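Each of the next two complexes has chain A plus one other chain: chain B in the first, chain C in the second.
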Partner chain A sequence: MTTYTEYLKERREQEWRVELRKKLKGKERTDQARVHMPEVDPMERVKYQNVEVNTGLNTEQAIKEASRCMDCANPTCIEGCPVGINIPEFVKNIERGEFALAAQTLKMYNALPAVCGRVCPQEKQCESKCFYTQKLDKPAVAIGYLERFAADWERESGNIAVPECAAPNGIKVATVGSGPSSLSFAGDMVKMGYDVTVFEALHEIGGVLKYGIPEFRLPNKMVDVELDNLRKMGVKFETNFIVGRTASFDQLKEEGFKGFFVGSGAGLPRFMNIPGENYNGIMSSNEYLTRVNLMGANSDEFDTPVLRGKNVAVIGGGNTAMDSVRTAKRLGAERAIIVYRRSRVEMPARVEEVKHAIEEGIEFMNLTNPIEYFADASGRVNKMRLQLMELGEADASGRRSPVEIPGATEDIDVDMVVVAVGVSPNPLIPACLPDLKISKWRTIEVNEGMQSSIPVIFAGGDIVRGGATVILAMGDGRNAAKSMHEYLSTNPNN
Partner chain B sequence: MANLTTRFFGLKLKTPVIIGSAGLSNSVEKIKLLAENGAGAVVLKSVFEEEIYNEFQAEFKKQAADQSNLEYLDYLDYEIKNDKIKQYLELIQGVKKAGIDIPLVASINCTSGNEWTFFAKRLADSGADALELNLFVLPSDLNRTSEEIHNYYFTTINKVIEQVKIPVTIKISPYFSDLGRMIKELSETKLAGITLFNRYYNIDIDIENQELVPAKILSNPTDYLQSLRWIGIMSGHIECDLAASTGVHDYQTALKMIMAGASAVQVVSGVYKHGYDFIKQMVVDMAKWMDDHNIESIPELIGSANSIKVKNPAMYERIQFMKHFGEFDKVVD
Partner chain C sequence: MNRILEKEFFSENVVKLVVEAPLIAKARKPGNFVILRVSENGERIPLTIAGADETKGTITIIAQKVGVSTEKLALMNVGDSLVDLVGPLGKSTEIHNVGTVLCCGGGVGVAPLLPIIEGFKKAGNRVVSVLAARNKDLIILEDEVRKWSDDVIVMTDDGSHGRKGLVTQGVEEVILREKIDECIAIGPAIMMKFTSLLTKKYNIPTQASLNAMMVDGTGMCGACRVSVGGKTKFTCVDGPEFDAHQIDFDEMMMRLGGYKAEEKAAFEMYNKMLDK
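After this line comes the complex of A and B, so read on.
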């Protein structure tokens, strides 16, 4: 049986790749500067919630960038990819102008390349392992931009390849949730001939791709195209359906479902529980982003528009915090401030998101942490007290710890606060299934094949990991599909 | 029958035997047993900021290998803190629901200024009857002056008292160069009581491996003497209630502490060593001794042998072994 390494080697030795490598000398490749992603002007884009910031590479830019790739004999970039995409193969297909084949290569490993090309933290994943980064101390090949290019090209060409599916086997399986892990699971299972239904509690499919990530980063239409593909493959979607409430697992089993994939995510807001956090005008990032992204609450025509503050503080340093603060700016905040207890270097957010935020005029109050909120007579927040911090020794995350500077506080005026300090797993499914083993952090415990303590229930994504990336969630979905297929094949009468 | 009621934590206690902060009280069942055996109050196990930090770090090590979930883990310490508070709340509610009528005292030990007030407020809101600040700065930082340490104490105490409506007490160490003055100044804050002295984690050396190891955890019966001295010295000079801690292993020591000026004693090691009966026996024996000596109530006894009332108060401050005060020059074979 061929190992993946042997497979990659075989693919690398295809004639077209060998020829392509000879087209340019190594130095000709490495002397090229990394492409800059074209962007909408910051002062223009902050006026709109639904104008995507990055406009994408054109064909010429993509081919040129792809030509920087050395097509290494030992492609370390693949090690950085959570789903092991054959990166050199898709990049080299772009270089030779075979964009459809590039998209096809991507889709062998990743059901949503248009999404991942936009939201993956490539600087921590594939690009961090690129030859350029590792050996030359130069900017990596823009793998993420190229992934997006290939996926967008395929979509815009109107010739999206719909993968072939095996003949129906009559076995019904369900997913709980319609986020990236569930969609990935659904795609793989339907290819294997299963009758797949995706149950989604909300009125829109897509999970965090739709409700969490703003349109200026990930247009909903991109997600809809992928969903459409899944429909064409035969996946069924049921919205406004809460598994465990609308119908129980037992009821679904009675309807003939043999296996379940729980991809219900981690959408429970986390708060700091500091004094005053209950005041009006302080909300979780979950609420804020869902209302804007999914429910159009940024429009004043909406029945319950979201609060718009003039001085908006967002607590946190991750992508969700960036999304929230940039949304606040777009909704008219004069001051949109990130409050984060470590320095900018330690922020978990994607480097690109921070860069875009700075360009858009977001203020960064690093090395500060809220300790109390104050309100006016009507109970609306009007001030927050910040503890000033300094960086101490490195902690287990490898980053320097935030340490209070004794007695050093600062009060700032705010009229709206968005708390974006992380999320917790959705408690609904574990609450419905007392036999389901969960961790102390309320994530579902699974084995290597994503199978839970209840054999017919598999799980992946944030409900297992607590909170991670889209690509990892998708990897879980794929893993679970393989594993469930093996289980159902050997346990037909479960 | 002697009346053993007394007052500490700003609260009336049925007996002067308080269960000190330890794992002895980490369940409703255990607290029930402590109450049934005569404990006058229970100080719940301390919430340690350092423990929360360590748990936070352990989760990072366990979960953040590939940095993909840094955003999820970044503020996990708040979740850990809130979980701890929730556990406290559930314990306190469980005790009240079970009808166990004994004051429950929350205990906190923090290193950051804001965490003291964060936990104080949350634990006070969780239903604790009083709060004990387990406040200690080991004076080993060569760059930190005693004034800075003092300021830290008083700033923390005042901030906490501002935040909560329940009585606040403090349990301290003897590591102050101006201990007497410190105790007096502490008594002039709005603290409802001062416990002398906490017993700390100690280290020892494994001489074979030449490495540090934990020392014995439980106290010995003779460990009470330092607390006794200082309670005796200070109780007559301050208004604030005092409690004694460390080395209270029998009823006689408890009575000594009360005579020195404590209105209550804290016990931990005795219970670990001898079980719940230890508490019952102490209470019974104290009452019998009081009956035998025609003492009707604890307040009659408090401070009866302190530095104000005892006939030879200078002995409280005698620290050198001089021949004039007795001879001990024979080596035991």
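After this line comes the complex of A and C, so read on.
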């Protein structure tokens, strides 16, 4: 049995890769600057919720960028990828013009490359480990842009390779939730011949991919293409079905389901519990984004309303905060402000999102934290009081903690506030399974193979990690599929 | 799926629909609600399950026309299907044999109250029900309530049916004449607020079922948040019923008005479109 390292080495020694490496000298590769992703002009794009900001590399740009990759003997980029994609293989396939093969390579590891190419924090993952970053102190190969390119090319060519599936084994398994972790699990299980049903509580499939991430970052149409692929492979989808409520786990077992993957996510919104937080006009980022992304509230063609503030403050510094504040701008806010208690560089959001936000005219009030809200006579928020902060001593992790500056506050006029300070695990499943072991943070506890304290129940994604990323969720889904397959194979009569 | 099998208007503005929903009919308990959508571009709206028939695989929902979505719902016909229907949602009512239970329903609030009345009666309690509304037209399900209650008092603001007066008058009368062990109040927020203030005076444990605005209904967004005992709770997963004496009704009523302007504009646009 070859290890992954041995496998990578074998692939690297294929004739085509050896030849491709010889085509350009090292310096010819490294002398090239990193490609710039073409973007829609900021002042234009803030008028539209549905216009994707990044328009994608064209073929020449992709091939040129791929040629920057050194096809390292020790590809450190792969270490940065949560699902261990054979990055050099897909990048080199792009360089030689074999885009379909590049997509195929990606899909061996990642069910949704069109999604990950757009939303992964590459700067913290693969690109942070790239030879360019590590050894040359130069911008990394644009691995994310290339992943997107290959996936988009395949989709637009109309020839999406549907992976071969093993003969049906007649074993029924179910997922709870239809977000990235469940979709990834479903894809792997159906490939192994299992009869997979994805149960989703909402009326649309995709989880955060649909209700959370805005159209200008990840078009819903793109997610639908991936879902269609899964359908073609035989995955069944049931919406408006809450496992544990519409039917219990026991009922599903009676219907023949042998294994369950819980991917119900961390959709429980967090509030700050400060005075005035329940005034009208103050909402969680989940509510705001769900109204717009899932329910189409930004358009008159859809019945669900959304508040359109003129002075909108979004509390938080992550991707959800960026998504919320940029949505507010697109919905007509004159001032769309990020309020974050730490400094700009400490914001956990993707670097690209912050850059795009700045270009779009988003204001950043760093080192501030809301402490109270005020409202008009009708109960609609009209003012927010901020506590000014400064960075104090470094804590054990080395990060400087924000510290209140005593007596330093500032009042800002606002007519809408979006609270995007984090999310907590969805409580529905733990509530209906009293024997399920959960942590003190209310996440489901699992072993290395994503198996919970109830043997037939596996879990992954945010319900296990708390609010995290799409790619980590997908990695969990894959891990759980492998693990459940082993379990069901060795325990057929559970 | 989700086909409408029966439709009946209780009055010009209140409609009852019996919908095909076998899984929900089987799983539901008194106090649960559903979220439904009338059309592809429609809103997700919550409605309590007023009744269910497990054998037939159907649930009953009763809605009052208060805006665009409920108007559209009332226009649906037998044979049409709801685009989306999910449930059962919310915590079910805690039903025990406590002695005597006073059930107060205001207007359409009697729809969610009915299964609770039935539940308490079946649990062996003595059940006294007070139904109240502005006028005769808005009193619904009186026969069904009588079937499951030991005594029924009907109050209308204008005296067109039953006795003239507010719900609180009927409630106080009952409290003064017999020992009440528990009270349930369901209806417009202001009705629940004043009923609760009244029962608090007499130290009667009271549950109110809140009709907060919702978007997903599954605990994801917090639109339905309400302050209970000083803590923020979500009506859709922690409720819809709460200890009435702990509810900040004023805040709740304020939050119910959060989208008044948008609702009004949408309604005007909808009516304009109908007029064309």
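Note that in this section the second predicted complex is superposed on the first by the 487 of 494 C-alpha atoms of A that agree within 3 Å, B and C clash if a C-alpha of one lies under 4 Å from a C-alpha of the other, contacts with A are read in each partner's own complex, and residues count from 1 in each chain.
Simple rule for what comes next: a contact is a pair of C-beta atoms (placed from the backbone, for glycine too) under 8 Å apart; a residue touches a chain by one contact, two chains touch by 3 or more.
Computed from a predicted structure; not experimentally measured.
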item: Three-chain arrangement built on chain A, chain B and chain C clash or fit; value: fit
item: First (chain B), second (chain C), both or neither touched by A:Ser284; value: second
item: Touching partner for A:Gly467 - first (chain B), second (chain C), both, neither; value: first
item: First (chain B), second (chain C), both or neither touched by A:Thr246; value: second
item: Partner chain(s) touched by A:Leu307 [first = chain B, second = chain C, both, neither]; value: second
item: Chain B versus chain C as contact partner of A:Pro275, first or second or both or neither; value: first
item: Inter-chain angle, chain B to chain C through the CA centre of chain A, in degrees rounded to a multiple of 10; value: 70
item: Touching partner for A:Val190 - first (chain B), second (chain C), both, neither; value: neither
item: Contacts of A:Gly422 with chain B and chain C, given as first, second, both or neither; value: first
item: Shortest span in Å between Cα atoms of chain B and of chain C, once chain A is used as the common reference; value: 6
item: Intersection of the chain A residues that touch chain B with those that touch chain C; value: 271, 273
item: Contact set on chain B toward chain A in their complex; value: 56-61, 63-64, 66-76, 78-79, 81-82, 85, 112-114, 118, 121-122, 152, 155
item: Chain B partner contacts - residues on chain A that touch it in the complex; value: 82, 121, 124, 266, 270-275, 316-320, 348-349, 371, 387, 395-397, 403-404, 406-407, 421-424, 441, 462, 465-469, 472
item: For the chain C and chain A complex, residues of the former touching the latter; value: 23-24, 27, 37, 39, 41-44, 68-69, 83-89, 215-216, 218-223, 225, 227, 232, 237, 251, 254-255, 257-259, 262-263, 266, 269
item: Residue ranges of chain A in contact with chain C within the complex; value: 201-203, 239-242, 245-248, 267-269, 271, 273, 277-281, 283-284, 286-287, 290-291, 295-296, 300-307, 378-380, 426-428
